[in-house]
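Just below sit the structures, each encoded as structure tokens.
Two complexes follow with chain A in common, the first pairing it with chain B and the second with chain C.
Moving on, here comes the complex of A and B:
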């Protein structure tokens, strides 16, 4: 029976286990929290595809697997297409009566990091969403190519220091603003789009359950704080995530059918952006006097985005 | 249920349509495809069968060839019959996933209407794309005409889906010369064709939830080598499977196929080895030369390019004196693939025939019967002299001065 009314974390922790605790992700990595929650918030059968990246290399190293469910990895860029191909086969076999468990409910889920989602797999994701496959794509957004040692992606926020856009004597690091994948996916025809974070676990479970219940392509952008590349203590993953959502650097909202925007979390006390930045080594250089203007600009951008989201929500367009 | 089609005893089909009809008869579960010249009509033909109710499966029109093969890989892992088609640049874009398909041991049939690779951009036929995929770990069959495109497609599903093989299979045909030339084709009825191919038997099925499977695991230096060696073994083990599938196909169709097709080679002094429609042109030239000039000419065409028919090629060639290995792909600073592989096969024979390399037909340049006759005459001169009298590699049918490379030392 599907888990629809989990009341607290203790109860949640007793829900079914289809993602084994044994894996090679870094201590403090948020990926496993997000993956476990997705798999714990439904009792339906799952076919999961995963792009090459941290999650893939840490959970399916032959002869072991962490996945007690159907799972497939093909390449760096094509998990969305893998979900689409498996979903197409499901439809064909259901029609022809060749499925072994024809009546069992099945959900198709694709995981990718921001490298494979925002960058190298963007076209594959866009194609699969446009074609209307019934699947949920979850981006584990840690804002860099963490699997290969912390290079920039188009999700890396301005001012972050990465190995391919490092802060240096004459550079403050990343020069571009983070790409707005939610707006893109909403415009691409996704039936349901949401931004979630593992510190707001009930909010995240609700978004997952909504996506899985939606008939059509869904896109979820999940904040996955990266202890290794963001440079914070592994025990602080949830604290960093709290700073991200409560400073509104990472606002939580959903977009239904491309138009209906709902803010799903409103912090009681909004924290300054600089508190979020100060907690991470990747932004350390922004606190030099010559870079102070970057933090001010960032605060303005966050305020403007929050204002925009509220207006969108109010306008219902 | 999909409507059946009552086919005539003899239909007039080009190679593309022959492939499309065979795909329809195979009752494929998922086709994920992206159109590209000259294989586009396969995809279009399948779409129109779909629109007219002749297909029960899913047809996914994806956004690139990379996605086409990616969709095919996942669909195959999800336990059903899968096929697609491509050419040239599309094939090149697919290459990453071709290796993933074979490494993951998933039977998929890929029709390749062979075409040149850019740059310069060119839509005409040559074998550049075929050569690009030669080490991809797929079984690769070569059709010389439309009938064979149809026949090889039916056989391809049987070979790839065989429980001991479980590998993807390419069926090559020459872009335009075969893909767009209407010829008489004798098809099997829908029922006979499907019964020959048989029902798909899923293995490690993603949609069997009583036994969860992990597809596409990571292996490093501890296991990767063993996986690749096993994959190669499966490919080599396809040789007897292909022979038994061909034998069964002969029973239902009356048409006999071998891993290497030999034409008038029993007493041949000089033999041309070629691929695709050139095999048929070379047969015509050999017959004419025997009749007109008494040159004992023969032709060898590998029907199965991978697994390379080392034994059958050697057996077909070992008693002749001179061999012309014809490569329709720019060799990129080396001898042609067919030259290298044919030379390797005959090297350990007692007779060790003289082998020369002819590059031809790049970007759709026509190869006329007179050109092939001229090659046979050069081979005859080599045979008579007992040594190679030209450079080892020559470009033929090329404008401007003669182009040749790789000097011989004393004709050997």
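Moving on, here comes the complex of A and C:
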């Protein structure tokens, strides 16, 4: 696989961009940072499928496409299916010798939002991983259905105010905890599972390169801070991602072959969860005195999760 | 507007300026080719050496989205490439490990580049869209003293 050096940013910047501007994603959207980085970190031909969501509606507005590679839009649940199908056909045609250019390296990638990954496309993703296709699924996790106006998904964290779980006099917003998709995918048999965030660009590029080089299904959960639905200023996308990774709300780790867990980023100064929550409009109501217990609960859960990850890393299980 | 390296097709049209078709004329599925010619080694070519077709959004512009714009000051920049890696709109043009400037056809003015700039004073700052880049550079702030 032809990879671009990610040793330092200067070397990485010599890559040839394959994701064009003038897509219609919101200013400051982290989706395009993640997609750009994936396409920049390799020189291989990419076959990309994207299911319905912000990324799809914004990068393929007829008569324009922002993709400089083979790309297909498919139904809400089928990003994994399309990538798996293309990969199966590629293998079959390679075996039969009907490919025009059989030696060109090709990688299969699927992009989905968290709505289509955690909820709607879950069964299809699970099936594609179970069948063991050689592809990488990247979930752009912005913790709600941002494309349709910010409804809750099963990735929405507890306490967030969304349009279908609004905070108000009787409710503090979303009542259920975020689904642990990484554990599910690791147990599902994915060869490589990782959680990444765009502010740690090197960590993210390395995870992408590992996933692309792995022979087997890979799942990557990428934090994508949503300026519109998380309610923060567009310029703060990277600052919010920094708060998420440094407060350990969004810990960065990888699981290889379902067993070997490595923590890939350890913040030097761990910030309180309160700082992360305070920076976003969707958690504003948690700072009312009657909701103070929720922030304490958040902190406890984040600490417990970090403790669990560290113990798993140490025990190598 | 900017003279940074580009293909001459960049930002030719305002998005939505193309001829509209009625709901009953829309085809169910369509393939758009990003390039006029063979695209097999496109990953090995820079934008200025590619032959984009009119379907590529490279040929469109979103400049009208901006109310404030980032202005780049070459004199202070240390070429760390932070703005390049985090620009969501592929609008920081970098060649041979050097920042050349901003692609104002695709920049939406989000301000992420200014936030991630590590120099003091910053080598990228936001100014009003109407202000010319020369005027903006003339009023650049001086180095801030560290707060104790």
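FYI, the second predicted complex is superposed on the first by the 308 of 317 C-alpha atoms of A that agree within 3 Å, B and C clash if a C-alpha of one lies under 4 Å from a C-alpha of the other, contacts with A are read in each partner's own complex, and residues count from 1 in each chain.
FYI, a residue touches a chain if its C-beta (ideal position, glycine included) is under 8 Å from a C-beta of that chain, and two chains touch if they have at least 3 such contacts.
Source: prediction; values computed, not measured.
Partners chain B and chain C clash in the overlay (superposition on chain A). Once the two complexes are laid over each other on the shared chain, residue contacts for A:22 go to chain C alone; chain B is not touched. When the two structures are aligned on the shared chain, A:49 is found in touch with chain B, with no touch to chain C. Legend: residue contacts after superposition of the two complexes on their common chain; A:127 is shown touching chain B, with no touch to chain C.
Looking at the shared chain after the overlay, A:91 reaches chain B, while chain C stays out of its contact range. Applying the stated contact rule after C-alpha superposition, one finds that A:101 touches each of chain B and chain C. Of the two partner chains placed by the overlay, neither chain B nor chain C lies in contact with A:313. Touch criterion met: A:238 reaches chain C, while chain B stays clear of it.
When both complexes are overlaid on chain A, the residue A:67 reaches chain B and chain C alike.
Overlay on chain A, chain C versus chain B, candidates 3-11, 21-29, 111-119 or 129-137: the clashing stretch is 21-29.
Of the residues of chain A, those at positions 45, 60-63, 65, 67-69, 101, 104 touch chain B in one of the two structures and chain C in the other. Per the touch definition, chain A reaches chain B in the complex via residues 45, 47, 49, 56-57, 60-63, 65, 67-75, 77-78, 81-86, 88-93, 95-96, 98-101, 104, 106, 123-124, 126-128, 130-131.
By the touch rule above, chain B contacts chain A in their complex via residues 29-30, 32, 56-58, 60-64, 66-67, 70-80, 82, 96-97, 100, 104, 200, 202, 205-210, 212-220, 223, 227. Interface of chain C with chain A (complex): residues 11, 15, 18, 26, 30, 32, 34-35, 39-40, 42-47, 50, 54-58, 60-62, 65, 79-82, 84-91, 94, 96-97, 103, 105-112, 114-116.
Residue ranges of chain A in contact with chain C, taken from their complex: 9-14, 16-25, 27-33, 36-37, 42-45, 59-69, 101, 104, 198-199, 201, 227, 233-239.
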